[in-house]
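Here subunit A shows up in two complexes: once beside subunit B, once beside subunit C.
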Partner chain A sequence: MIKEVNSEEFKGLCGTGLVLADFFSTTCGPCKMLGFVLKDVEKEFGDLTILKIDFDLNKELTAEYGVTGYPTLVLLKDGTEVGRLQGLQQKPVIVRMIQDNQ
Partner chain B sequence: MSVNYTFNKHLIDQQAEAEEAMLKELEAGNYTIDNPLVKYNLYLISPLTAVVCFKTEEAAAVTVTVKGKAPQGTITHTFPKATTHILPVAGLYSNYNNSVEIRLYRGASKSIEIMVPDVFEGKEVIYSMDTTPEYLQDDVILLSPAGEDLSIAFDYAGDARWHMNVPCVFDVKRLKNGNLIMGSSRIIQMPYYMSGLYEISPCGKIYKEYRVPGGYHHDEWEMEDGNLLCLTEDLRSETVEDMLVLLDRNTGEILKTWDYKVAFQKAFGDINEDSSKWFNTKGIGQSGSWSAHDWFHNNAVWYDKNTNSLTFSGRHMDAMTNLDYETGDLNWIISDPTGWPEELQEKMKKYFFTPVGNNFGWQYEQHACLITPNGDVMCFDNHHYGAKKADTEHQLLAKDNYSRGVRYKIDTDKMTIEQVWEYGKDKGAAFFSPYICNVEYYNEGHYMVHSGGIAYDADGVPSEQLGAFAGQGGGTLESITVEICDNKKQLELHVPGNYYRAEKLKLYSDGINLEMGKGQLLGAMGVTKEFETDIPMDSCGEMMPESCNARIEDEDDRFTFFSRFEKGQMVMLLLEQGEEKHRYFISTTAVSFLAMCCGTFLDSDERNTRTSINKAGMKGTYDVRVIIDDKKYETGVKITC
Partner chain C sequence: MAQYDVIIIGAGPAGMTAAIYAARADMNVLMLDKLAPGGQIINTNEIQNYPGVGTVNGAELAYRMFEHTQEFGNIAFDYRTVKEIRDDGKEKTVICEEEDKTFTGKAIIIATGTRPRCLNVTGEDRYRGNGISWCAICDGAQYRDRDVVVIGGGNSAVEESIFLAGIVKSLTIVTMLELTADPIACDRLRAMNNVKIHIFQEILEFQGDGKLNGVRFKSTGTGEEQVVECDGVFEYIGLIPTTEFLADSGVLNQMGYVEVDEKMQTRVAGIYGAGDCITKNLRQVVTACADGAIAAQEASHYVQNLE
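Then we have the complex of A and B:
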């Protein structure tokens, strides 16, 4: 599942299982490209939740997670951060991070 | 509007054409010592040189003398006996009607004039040179580029006597055969990864380009057998500036590779883990400029025959590291151990030194490590931040900082280190360079210390930004090069602009100086990293918008796509041949580089992009198309590989 969420929705969804949070900006080319990559990543994993958080509209959440730039991917397992990637990443790198934490 | 297309011949081809034309002219004419054929800047890239040709009936040695503005500025060289004389003339003055004397051994002489235009186009290239002709003699101080100012060499009087008009960046060294070795002028990836190395004559003729798949950066080294060590990386991996290759001097083939990730992992980690993953996780020994991508930032290599080992300077670990040449295993590390993980403390004891003696200071973000004949270790200690990344309490601002040349005595049995010499600390921020620079060892007590990265912001305060960025922000850049002999300053060169390194050398060598024949393109370009994810989209049939101001410069072994995009646009360059697609993502986000050792290729307009694609791995003719956000545009250009 790929879903754009606000802070409140995010907190409701991030506590169970593997959740990949994508902190993005609508004014960022690499973020747009990462959107296509994440669609491919989603196909690899049946039970992965990908939540997209607009960096500019959710400042408190980005601060809470220490996100200082975009795009930033934060992988959560049962609500706890287990992995992080900054900048545009290719699919194999993201897949590897998820597989390492399954 | 279709994209502008040009095909650029390699410099080797252009130079071969110029040389062939000159040789034809020489053969067709009756050129004697009284009527020589004179070709100014024959090889196109060295505008303070010329070639003079003529024939003599009897074989004779010939002396070429470029007359100095003062007698002490005269540069002269004698060439071996021949009947056909093709003589490089080096050391011409810019914006000057040069007088050059050609004299046959015990025979006739001829004085010719070579008018050289102002090759610096009115730009101030020097503030001062403080030395004596007795000290510098006919040596020059050659400064290699770190910014928009290209290679230049100054004589004792501060006159420019050598210059290159193409961006051959980073280190310049004299090879044993008298040729010069330096970075090529072909950038394959921003910010400064070059296609390889040029071996050139002092008059700019490229004998060989050694192409390296992962590109060249920062430094190179000639081994005793003539093979070349070249700093490189795997541009298809997730990290940069962390590998070394040994190149066959005759073929350019890679004979041996050292990957520092593997060396560190063997020493401190689990060798069964994927090295890039291990490193990104650990991030050990971080300097103030550290990033996961550029974790080591290797800016120098030195081979020591006595210990058959390689010493590397790694700016982003504040470390000089020594590896065994044969095994690649880590021998020792000179670095402040602050901030290394607790669990590695036991393993660290084997590799780290304990300071002894008084007046000791660690180096931070150093450059240009070297090993002296007695095994001491020297470097230019940039002293950037003056503390490790984790030690924020002790980090220094530029205005409170200093740089220095430093020499350490190490005992690899007791693992102790003693500081035995330093120069520059007392000059404070006026000598502070947060990046680049070098030291040279000439003899005991006789050194060069080149602080080539001094930068002030627009208000005249020592800049927190590296020179390339400070300059773009309206600041001023300087380089100060000092030579010290027995604690007495013998030379101080002060120039505007930042320069990567300084080297003292003679323009002419004891070698051949100029050989005829076409240069060689050796080695191979690597396959350019592609973007795996496809963006399913049909061409809209339109040409790229005129606002992109796009152009393609094609070459035999690669092409470069230049275009302007607005920040935030999603851009992908595509090469398409039927079902075959190659995708290259172009970032439109301003990137803040933590290391910009060479800002030569930075564009003042952040919207302008430069994307170089190697033709390696492709065959046939490809349509070039560009995706910009939700539209796929035509360029009207086909690339043949």
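Then we have the complex of A and C:
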């Protein structure tokens, strides 16, 4: 599932299982293309939740996770951060980070 | 028997245009890219000189170009980093980093583009992605009402500075030479009241205490050193071709660019170059597309003549 969420929705969804948080900016081209890659990443996994967070609309959440550049991917397992990647990433790198934490 | 007629390495404007032209010539096409379609244009906020679309966001144009390639049934796309090309005459093998995966094709078009050059000075690695950025439209917004330094004086540096100066409290440009961007853009930047420009300066160090807080540089004329305090730095000091995997292939010049003739043909039969990674003067979306069209047309003729 890939879904854009606000802070409240994010907190309701991030506590269980593997959740990949995609902090993005609407003005950022690499963020748009990471969205392209994430659609293909999602196909590789049956039960992965990908939550997209617009930093402009969710600044407190962004600060809470210490996000300093866009796009930033944060992988959460049962609510705890287990991986992080900053910038547009290669699909195999994202897939490996998720597989290593399954 | 080769798996593909044409393998295109790189899915920027040159590679995607090549794919469209090759597909229309009835070629069976594979397009590879290590990241996502688009190449350098995804880092460009506004493209204003690609005919027919007015002002367009770079990533939006990349998306549209990719969707165009997918209107044809004979263009495959895969996420791969190519590490070597092997030329066996009528068949060429592309070897990828991922599990040494190989693909075979009758012709290859190299459209791997360029990437930003780095300074390699003290502090750059420490603050890379955490204070130092190469993408104003990605990271500019987080410096709203703060102080930034832009390094460089060419078109990218000046155009991105104009964008950033509208967001930040102060912007200082530091450049090795004069401002060399288009005069209109330079004048527009100079007229902005929160912009300072330091020319003929050499960057010495990025300073900070865990968090970037300044840039130290010295005048190339007088040797006088100074530090500008800042919260963020954007580097725009040119590009280098992404062609390292071709180092032993015989198709590169001394600077690492792919040498081609007017038909986009390299020194090796069946291997073509297109876009920013080839030797040329004007690196633009429109010239990349033109290169891609020519390369695909010539590659298609080459493949047809093999049969």
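The rule is simple: the second predicted complex is superposed on the first by the 102 of 102 C-alpha atoms of A that agree within 3 Å, B and C clash if a C-alpha of one lies under 4 Å from a C-alpha of the other, contacts with A are read in each partner's own complex, and residues count from 1 in each chain.
As a convention for this text, a contact is a pair of C-beta atoms (placed from the backbone, for glycine too) under 8 Å apart; a residue touches a chain by one contact, two chains touch by 3 or more.
Nothing here was measured: the structure is a model prediction, and the numbers come from that model.
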Winner by number of subunit A residues touched, once subunit B and subunit C are compared: C
Could you look at A:M1 and tell me whether it touches subunit B, subunit C, both or neither (first, second, both, neither)? neither
One more residue to check, A:T68. First (subunit B), second (subunit C), both or neither? second
Is A:D56 touching the first partner subunit B, the second partner subunit C, both, or neither of them? second
For A:D40, select first, second, both or neither according to whether it touches subunit B, subunit C, the two together, or no partner. both
Doubly contacted residues of subunit A, that is, touched by subunit B and again by subunit C: 25, 27-30, 32-33, 36-37, 40, 86, 88, 90-92
Help me check something: in the complex, which residues belonging to subunit A touch subunit C? 25, 27-34, 36-37, 40, 55-56, 68-71, 86-92
For subunit B, which residues count as touching subunit A in their complex? 238, 277, 292, 531-535, 565, 567-572, 585, 587-589, 629
Can you list the residues on subunit C that touch subunit A in the complex? 34-38, 41-45, 57-60, 62-63, 66, 79, 81, 98, 129-131, 133, 135, 137-142
Can you list the residues on subunit A that touch subunit B in the complex? 25-30, 32-33, 36-37, 40, 86, 88, 90-93, 96, 100
